[in-house]
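Starting off with a structure, shown below.
Labels run A, B, C and D following the written order; every chain starts at residue 1.
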């Protein structure tokens, strides 16, 4: 499962990191890790309503998904994409507001947490039904082309479980029929909730789906930041330059429960020994220090800055009021005169 | 598109046909052609209600789909499968009854024509929604295994258009996850109603879908009977012997309108010159006579027998009464005491 | 010159493509010389290059892409080949398009055309009327035009509306229904129409059943019975006021619909009249729907399955006898 | 020892697996030690090897295979992880399972379990009550058990029935509801239950709303108002007789449901009572449903979105004041 077609043969030079955006990416990973640990503790403390779903172990892939997107691009993040959302420009305060139920979050308490969007940087508010985001991203790209926009690309993510939905199939196929600049990054974290790969699909390699739709396919070790930047960044570039749709399949392990309510006791011990089961944040931090791309003091300072920002966001959000039912605008249509209330 | 992985290098020996069931298959093809031409003339004469959808040009593939199935096997025929339905054991009288609206057809006037099933030989009554048959066939195979049956196989067919539905994807995937003895025969007749391949999919070869699901994939010239028998028969055999699910992709041209209401004027002239655009019935007849596998007299007699059987079926069905609304048992549940009629 | 219901739908789309760059058509077999299974887009692909696009057989993705395009400011019109196949797109319609505005405050102006309703020999999967299912969920406008004029103006309205619109066009009316010309004016969206004034009984209905009801009204009128026929036009929003006003005049209500009975349009109308206009009723309200079985293929069965002038007249007499 | 609503569902499945070889369970994450997102199948995979199977994330195929297996004589129980995801299987449920018997005379005995209804913080896609949509189409039986006893016996009934059954279990009741033991007897399928006899007003409802209605009945009883509470149990078939008998006693009707308003269970009940029992009504019938917007994630909003004891009591007083 692990051979990688376009791999960055991570050259760990003593002088500089293996990718020009390596340290920037590492900082997003670090921020995400610290932030999600904060979310988890808030959740354990009963301060969060609804679920908490973290991307622990997937920070390298997710960061790479968000990092190369530009103004005018389309991003469809999924439930493990805190890192990518941040790297693509969503402020920490908005996430925090959503989790803490502030009325000032982008979903205003109407929808929660991982479903949030951030239109300011082209981030779509996902619905739960896996695969449904794919055609929406494709449609946005079709529209941009019709409007005469140039140089844009669309990227969305999916899990190995979500790849088995009909929506994913129809969406992947229509993307290549419409020849839009599209990138799908699939993270095979080896579990769909509690379900292992063998009950999810039976092809030798998920990347074989690429050829089935006329995509270019790439495999990558999702725990190796340099490779993720190279492969995902490369895919984004190829799509942007007019290449066919791109499928990147990353191998890694979900290092948390499906959600924070789940102890993941179903994950067998052996799998944790797999090379792609390592913690990408720790691994990256180690490389960064060993190679002196960052000194311990700076790293310490980064952590301090990140924690401060998070504390500030939490304080702010906690001070803000939640929505109030009696004051809510109960109106599912934007065209008010067509609202039809009977029997409520 | 035309290279065939397992091809029967059709050895046209002067002595015997290239496949032991070649002549038997040819007779089903011939019967289907004559029968469907009769249906068309009845339709033109306004004697058939509802649509007429024929398999003209697809008789070789369809016959091969039905021919190798045995008692206890599962067959999910689709709209172009008159030949396969017949080869698999549906009596001509039942088809005729359904088309002519006799109450004695297997659908009793409740559903029509190509939707009919024939449980006696494991033929499922399809619904229109393309791809929906696939999981049903898989479920039947799962059940047979649970019940301890042995040596069975399930086969269903699909068009290149139907392959783009989410149902086909979920169904193909679950077949390999459940490891059932399953064969999917896809006929790329180059049109989905009026839509050509380039607006349907963008992969180099549809058979590349095989690898994407862990299937064994085969391509075949759908106008070459010997190859169809070899490849489809072989796939059925491999699945029956415990091999992985099998995908056969046949190339051919739909030699009629989508239905008899459609003049197919959108089919460009050039495509009709493609090798796989030939009429498999004429081509087979020519081979049969040239090689003396059948003499002209016998062939003439076959035609006479077939026509006689068809005429008899039509006469019988035309004599039979259609359903009567006032006498109908308007009951969607088999559990009568749970039927809940209000507001009809 | 005369215009059929089907031509009105084609003309409305031609008008929209001409007047509004944001509009494009997306569906199976709608492009090329072919112009759709029912020819509702015939000639439009040639006239508007690149704006009438054939799609793969992928209803979920068809609507999904339309939602994305609408977010970018486009006004896609998606044609389902038959309403019955929208079951495949139902998740995108209900859970994505229908929740978009409420969740994000970003409107989702897509129009989904559903060739609906029964015709002879079409059977269980080419005959369905799905307006009840789409009306049950929040966030959608559901139209069921019953006349050539409405077919034209309501499709133009549908595209103008900033919210998702399910436009249910009745296949039985495609050729049967003719008008002298395209309409010059229109009723506001969401307003029902009194098709025929009456005194003794209000028949509230929609889509093709409007014409069955009219036939009954004409027939009974000869016998001194004056039936008022109300065409709902849109079933969501549902114009309760016009319905109540009609019942106030007649005191009697019969709701007729082609959908299945349980929770159909007729159930909703009766629920509204009995809760909001109970005292207007001089007799028990009644409803007539298609039977609670799949829609039969054979004409003999099909004609018995749906309400028709005969069954409606019988029911009307029954109510008037009370 | 006491049994929760959730345990009753697990026990019913254990019983079925023990007693009937034709039964198997099919769903996402239901196997292994894990035993389902809500633990409704916990321990069953170990106890019944090969008969509790995890599936890919493929709701359409999950139900499709169940239909095929049912044709072969099996009795599959399909678990949707949340009712809301059954939108993906809706085509197989409505158009394949629901039409099977009528089209072919071959019964299609599948059971689809839908973890339904709202709970705090679940949001628009993990809270839906879909009984109205499944009841609208022909060919299905739709159950909405409201008690621990019904959760147990109705699931066993569901599998015994030769037709497709949509079993809507309410997530809010999973842990909240306890009984002393599993039931020894049961009501017939399709029969509603008078949960509490009354004199002044009939509240007809189903699923979790039964308990909100009971709370109101107890509360108002102190003030000399006697409310009769009817639990429909199955919404299709719908036990019109029991409902009419109740309205005959009280002369007043309030229907309460958690589905969206348009064409919901309450619309169907009111349509039946006003058409078949008009003269039993001393006042206008009324209904109360969830709001016509997606179901909100934030508890403050969620509590306002669905009916609750407070809003039901207010509505009840209003009706009694007429």
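One rule holds for everything that comes next: contacts are C-beta pairs under 8 Å (C-beta built on N, C-alpha and C of every residue); 3 or more make two chains touch, one makes a residue touch a chain.
All of these numbers come straight from a predicted model, not from anything done at the bench.
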Sort the other chains by how far their Cα centres are from that of chain C and give me the top one. A
Compute the distance, rounded to whole Å, between the mean C-alpha positions of chain A and chain D. 36
Could you state the distance in Å from the CA-based centre of chain A to that of chain C? 41
Junction residues of chain B, two or more chains touched: 107, 110-111, 115, 127-129, 164-167, 170, 173, 177, 199-201, 331-332, 340, 342-343
Going by residue number, chain D touches two or more other chains at 55-56, 58, 60, 84, 87-88, 91, 95, 98-99, 102-103, 124-125, 138-139, 236, 238, 262, 264, 266-267, 271, 275-276, 287, 291-294
Based on which chains are in contact, what kind of graph results: line, ring, star, complete or other? complete
Footprint of chain C on chain B - complex, ascending: 49-51, 101, 107, 109-113, 115, 127-130, 161-162, 164-167, 192-195, 199-201, 265-266, 322-326, 328, 330-332, 340-344
Chain D residues touching chain C in their complex are 84, 87-88, 90-91, 94-95, 98-99, 102-103, 124-125, 132-133, 135-139, 236, 238, 259-260, 262-268, 270-271, 274-276, 278-279, 281, 283-287, 291-294
The chain D residues in contact with chain A across the complex are 28-29, 31-34, 37, 53-58, 60, 84-85, 87-88, 120-126, 261-262, 264, 266-267, 287-294, 296-301, 303-305
Can you list the chain C residues touching chain A in their complex? 24, 50, 55-56, 58-74, 76, 91-92, 95-96, 98-99, 101-107, 138-139, 141, 161-163, 189-190, 236-238, 240, 271-272, 275-276
Taking the touch rule as given, give the residues of chain A at its contact with chain C in the complex, in rising order. 74, 106-107, 110-111, 115, 117, 119, 124-125, 127-129, 132, 134-144, 146-147, 166-167, 170-171, 173-174, 177-178, 331-335, 337-340, 342-343
